[in-house]
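Two complexes come next, and they have one chain in common, chain A, joined by chain B in the first and chain C in the second.
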Partner chain A sequence: MNWSFVLSNAITLACIYGTLAIGISVTWSSLGLVNMAYGFIFALSGYGAWLASVNISTNPAIVMAAGILTGGAGGLIVCLIAFIPIHDKPSFPLRALIATLAISLVGNQALLWYFGPRAKSLPRLFGNWNADILGVIVTSDKLGASISAIVLLTAILLWMRSSRRGLEIRAMMMNPHAASIVGIGVRRTGFYVMALTGSLAGLAAVLLAQTYYVAPFSGITPMIKGLSIALVGGLGSVPGAIIGAAVLGVNEALTSTLLGGQYVLITQFLLIILVLLVRPRGIAGILDKAREA
Partner chain B sequence: MSDTSAPRWIDPIACHYPEYGTREVETNPHLSHQVTWIETTRFRPKMHLVGRLRYYYKWPGHGGGLWWRTRYWPTRRRVLNIRGEYTPKTKRREKTIVDKRPIWWTLAFLAFLLLPFVVPAASYNTVMSAAAVFAIYTAINLCWMLIVGTAGIFSLASYAVVGAAAYGATYLAIHLGLPWWALPLIGSLIGLGFGVMIALPAMRLDGFYYALLTLGVVELCRVYVVQSREFGSATGGLYGAPSYLPASLGQSAKLMVSYYIAILVMTLALFTYRFIDGKRLGRLLRMAPEKKEAFAQACGVDFIRARIMVFLLSSTALGFIGGFYATHFGGASPNLFSFDTLLLSLAMLVIGGIGRSEGAVAGTVIVVFIDRVLIDLGPLRYMLIGAIMLGVVLFLKGGLFGIKQQFRTWRNKKKSERRATRAEKGGEMLPEEATEIEDKDQVFFRRFDKMQRDFLKRLVTDAVVDEHRTRPLGQHSEALERLLIYFRRQGQVDKYAVMVLEEFKAYRIVALSGHRGTAPRVVEDKNYPSPEEAYHALFLRRVQDLLES
Partner chain C sequence: MMQTAADRKQRPVLDVRGLSAGWGPMRVIHDLDLRVFSGERIGLVGLNGHGKSTLFQAIAGLTGWQRGSIKLNGFEVGRTRSQGPGRYTHQIVRRGLALIPQGDEIFHGLTVEEHLDSGAFTKRAWADRAARKQKILKIFPPLDKLMKTAVGRLSGGERRMVAIGRGLMADADLFLVDEPSLGLAPKIGKSVVEALMAVDLGLSAMVIAEQNVALLQGRVDRIIGMHAGKLKGEASASSRSFGTERTS
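And then the complex of A and B:
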């Protein structure tokens, strides 16, 4: 086991899981909805990309766009079912949590029922070559995944910083009540946010499918990893999620080299519990004020 | 009198002289006095078919029997809460069962006891093993409900506790050769330890942070168990725990005995739920839900202690059930930690209604039936469960057993909406004002007065004014007569009157003060040469005041 391999692996996974964590975090802070159907959106967009690669073409851009678009559509479905009807009802957060869990149950079983239990594999989007960066051999899929995740995330964050819609989303993240008072439509913003975070899940699904496969239940573990990163970072904070992804990625790399691969989850959760016991609102509890649960 | 083309006036005192017949005259057309009433009382809003009162069956019976009641021994608690009273209407004694839930519980318990004897022989194995699974899951869900419903902490780690206890008990039983009855006890100890572990972060974290953390704990357990060799990663579970069934029993007898023992465990869990949720600890916990901790603390409730207590108690009970699970199924499988198990058991809680023991039982019946008995449906059965769960969450506030309460709330809302439309319609007095005023007669009088004024305003026409100008004193049409009667009936304060300055030469209009000793005030600076003209000017003034009001 060499260090550079582990490190590059950890960075790639941190990029992908960080994408998921940012999606979960943004959904929670702007809509007050813990999207437990995120794993379902993830698996769904994997299948969307697979269908595109089988039926349309294996052009990387088309496959990736298909995954992202399916993810956005999945986000809209979740929004229509679990956010729009109950967002102004009593005990919304709990009901939305249960509703998204139910969507995840139905959706995953529907995928299993329709596509069968056999895993599908996507075509190699980034070719099959190796790069030598400062003496570290990096395979094309890892480099491509990291770079495209970073580029797309940066683009989305820039869009959120500079556009009118992004301003609305950020206003909802700061104070949803005040945002609705100044005329930002809660439902409309809900659609933007869910489409955006859904497409983030789609991106992560396409990128992760380079290493793993597309399967009906392939979304659960990435969702839980994304959730834990979002937890460590503090729900609702984008910089917190990035820091959390880095911390957990380093932890994963260190644990798997020093102790062994089966101890990764254990050290990860011990780390999460430790961080949360010290900082109940995550790392970003210091950086900015999180939304009240 | 109706609004016909040639209305006639009938002399009302003509009936005193029947020998002369009725005296009728043609009169000018006018509005019927009933239109206001008809218009006001016409019901406009759309109404739904909603009942008004709760229905209770009234049992007949003499009052003497009411005092001799069966009570649970050390307490004064009655088996059935029966209220008896004399009806004021019939003067008879009648009884009402206020709370029918004990009856339903008894019937359900009898049904569970009789289940093995009514199951068709073809599906005996499927149904009986499903029923035993149902009883164990119900027991787990009841203990989970203590944390989710009573304490209001959204913990997802219950199955992790059960699984840890089952695995630990099986492991120890295999390696130390323990008898079957030691397994639940070992399980309770493991559960207690696990409870301490998950109770600690619950003190610091709140809401979803805790829910997601416990979800992570479950996933951690699953991955550990799947990867660990001594916990049976190769065989897909750890098996080999001693069973409580004697080996000499036949297949169907084994099923029946294990079913009854599982029902016994479920009953124990029900009693645990009852004695934690319904007693002091449950009261304290429901006093201090999420985000109301500060209030509870200010009231002197030590909610941290109460939460630790409920975590420890329910985890111990869950550990006991985990140990029982191990002896029941002969081991433990990583399936206990899977996300699907968690989802299905959450569906059980949600469908029945969170925070109710009957909800846990009924939800488990539904979900286990779909999951274990309708196996032919394949993945569709999970979609069915998910769809039920989704429907319940989107449309119901408290699950299936909250429907009654939700319907009553909705009905009360409709009732009060109807009441509000009624008050808004005729009332001169606003509802807030009406509650303040001492003399409630005033409320109704002013409502009536407003209706009457609205009607009289519509009677004022040029014809009526002209009629009064020509004949101020006599033989008026009905419309004019109604106007004049209304004017005469007003109170003395600021009532217009004609003052004689000089007889047959000068008259003027004044307003009475209404108080003895206070002179009337002069209204206008104009003298009228004849009383008729003064009458008419006064009439115009009153009409003007009426139209302005």
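And then the complex of A and C:
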């Protein structure tokens, strides 16, 4: 069996799913919103990138930018419908869950109606070549996907660490009540968060479409995986989500090589149950040495 | 612009009229009137559960419901609300309110320095934050060594200092300090209150809610008693009528 192939697959999947998981995790902890429409945003930005590649240019930068921008716009739409009008009403998390689920169902049907059921494929953004890294042969799309995900995620995380808006978002993630006391506007920060996480979904959509394709319902499985990685990592923890993505990426690559692709979700959820049995707060519970409130 | 002390006395920073507030079916504040003038340091004393914290929360728009007029710097921030606690809080805060809540309300993963930064929300305070942080460190010297430490790892007294420091970072006209000595060892609680007394208020005003009258006595401009959701009795801090013989 080819271990280098498993490893490169695992890293690529971890990068893509980690991007999604960070988006879901940040949305949940800062806004209290489980974004069930994340899969719809994912599919929508896939179509955005496809439209750009057909109508504008197949230049990789333009296709990727189109995907990311469509994702950001999708995030803003979800924010306008499912966050702004109801965020201060009683039992908001439940309402938001239902509202985003509705957006997801309606949105996916709208995509099906407009674009038809046939899957579209994006142009190869990273060319068609192989790289030899320490004796491991890696195809260009995997290498490109991993590197662009890592670069963009690092940029976003650095922005969250150093900028004022990032400080506001992190403060909201830790204590929304205290955030309003220090003058952070919940709704305005909601816009930033949703645009940011939406564009993360857009990035993941473009990258994953290098291996798979763009279809009306192509966002469902990645969203489930992103959500479960966010759970394993501990909702609200970015480092936890990264480690969770690495663990589940290895699991997915190993399972599809050893057992077959159809067993991936089974082993994945078994692994998640195992982690949550030992650490109910997810991997973040091991990392976090700070006492809570 | 120079202002004399007499001018300052004329300008109410906070003017509360007919305020009622509470949570769900419970009414905690009953038709309360309160005026706080620029440059004043006021002690608000009263037993647990008589509405000190709720009064502060109502001013910040954090109660479950409220009605009545709250004027902050002459601007009406009191709204008749039946739901949505905290929805307008950030706007009220931007109008010049700094609330230092009971129980600290810290962000457990942020460092002390990031905390102090997060308190400087107005444009002016943000641009000026380095100098402001130095001021806070003068008030609370123990924080100097902890600037890069996550607040979740600090002790209770250190957390209180961070919470108060975060409030003082603001470019606010009215500071509401809720129970600064609560839950701290007497010696540390006393030093925290002493630090609050040492803050140079300038044109702003400060209201300190406290159960331990002895800690405030003789060091604030006025002491107001609070009982069952109403203000009861008022004394300048030097007057004998309010005197308690307890010493801390």
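Operating definition for what follows: the second predicted complex is superposed on the first by the 279 of 293 C-alpha atoms of A that agree within 3 Å, B and C clash if a C-alpha of one lies under 4 Å from a C-alpha of the other, contacts with A are read in each partner's own complex, and residues count from 1 in each chain.
Everything that follows uses one rule, which is that a residue touches a chain if its C-beta (ideal position, glycine included) is under 8 Å from a C-beta of that chain, and two chains touch if they have at least 3 such contacts.
Bear in mind that the values here come from a model prediction, so they are computed numbers and not experimental data.
**Student:** Between chain B and chain C, which one contacts more residues of chain A in the superposed model?
**Tutor:** B
**Student:** Pick one for A:Val186: touches chain B only (first), chain C only (second), both, or neither.
**Tutor:** It touches chain C, and chain B stays clear.
**Student:** May I ask you to decide whether A:Leu231 touches chain B, chain C, both, or neither, giving the answer as first, second, both or neither?
**Tutor:** first
**Student:** Once the structures are superposed on A, label A:Arg164 by its partner contacts, choosing first (chain B), second (chain C), both or neither.
**Tutor:** Second partner only.
**Student:** Figure out whether A:Gln262 sits in contact with chain B (first) or chain C (second), or with both, or with neither.
**Tutor:** Only chain B is touched by A:Gln262; chain C is not.
**Student:** I'd like to know which partner A:Ala178 touches here: chain B for first, chain C for second, both or neither.
**Tutor:** In the superposition, A:Ala178 contacts chain C only.
**Student:** Which holds for A:Pro90: it touches chain B only (first), chain C only (second), both, or neither?
**Tutor:** both
**Student:** Once the two structures are fitted together, what part of chain A is touched by chain B and by chain C alike?
**Tutor:** On chain A, the residues that contact chain B in one structure and chain C in the other are 90, 292-293.
**Student:** Note which residues of chain B are touching chain A in the complex, please.
**Tutor:** Touch list, chain B to chain A: 154, 200-201, 204-209, 211-213, 215-217, 219-220, 223-224, 227-228, 290-291, 339-340, 343-344, 346-347, 350, 378-380, 382-383, 385-387, 389-390, 393-394, 397.
**Student:** Enumerate the contact residues on chain C facing chain A in the complex.
**Tutor:** Result: residues 60, 62, 83-87, 89-91, 93-94, 99, 101, 103, 105-110, 114, 117-119, 121-122, 126, 150-153, 166, 170 of chain C touch chain A.
**Student:** Inside the complex, what are the residues of chain A that reach chain B?
**Tutor:** It is residues 28, 34, 81-82, 85-86, 90-91, 93-95, 97-99, 101-106, 109-110, 112-113, 217, 220-221, 224, 227-228, 231, 235, 262, 265-266, 269, 272-273, 276-277, 280-282, 292-293 of chain A that touch chain B.
**Student:** Sort out for me which residues of chain A touch chain C in the complex.
**Tutor:** Against chain C, chain A makes touches at 88-90, 164, 167-168, 170-171, 174-175, 177-186, 288-293.
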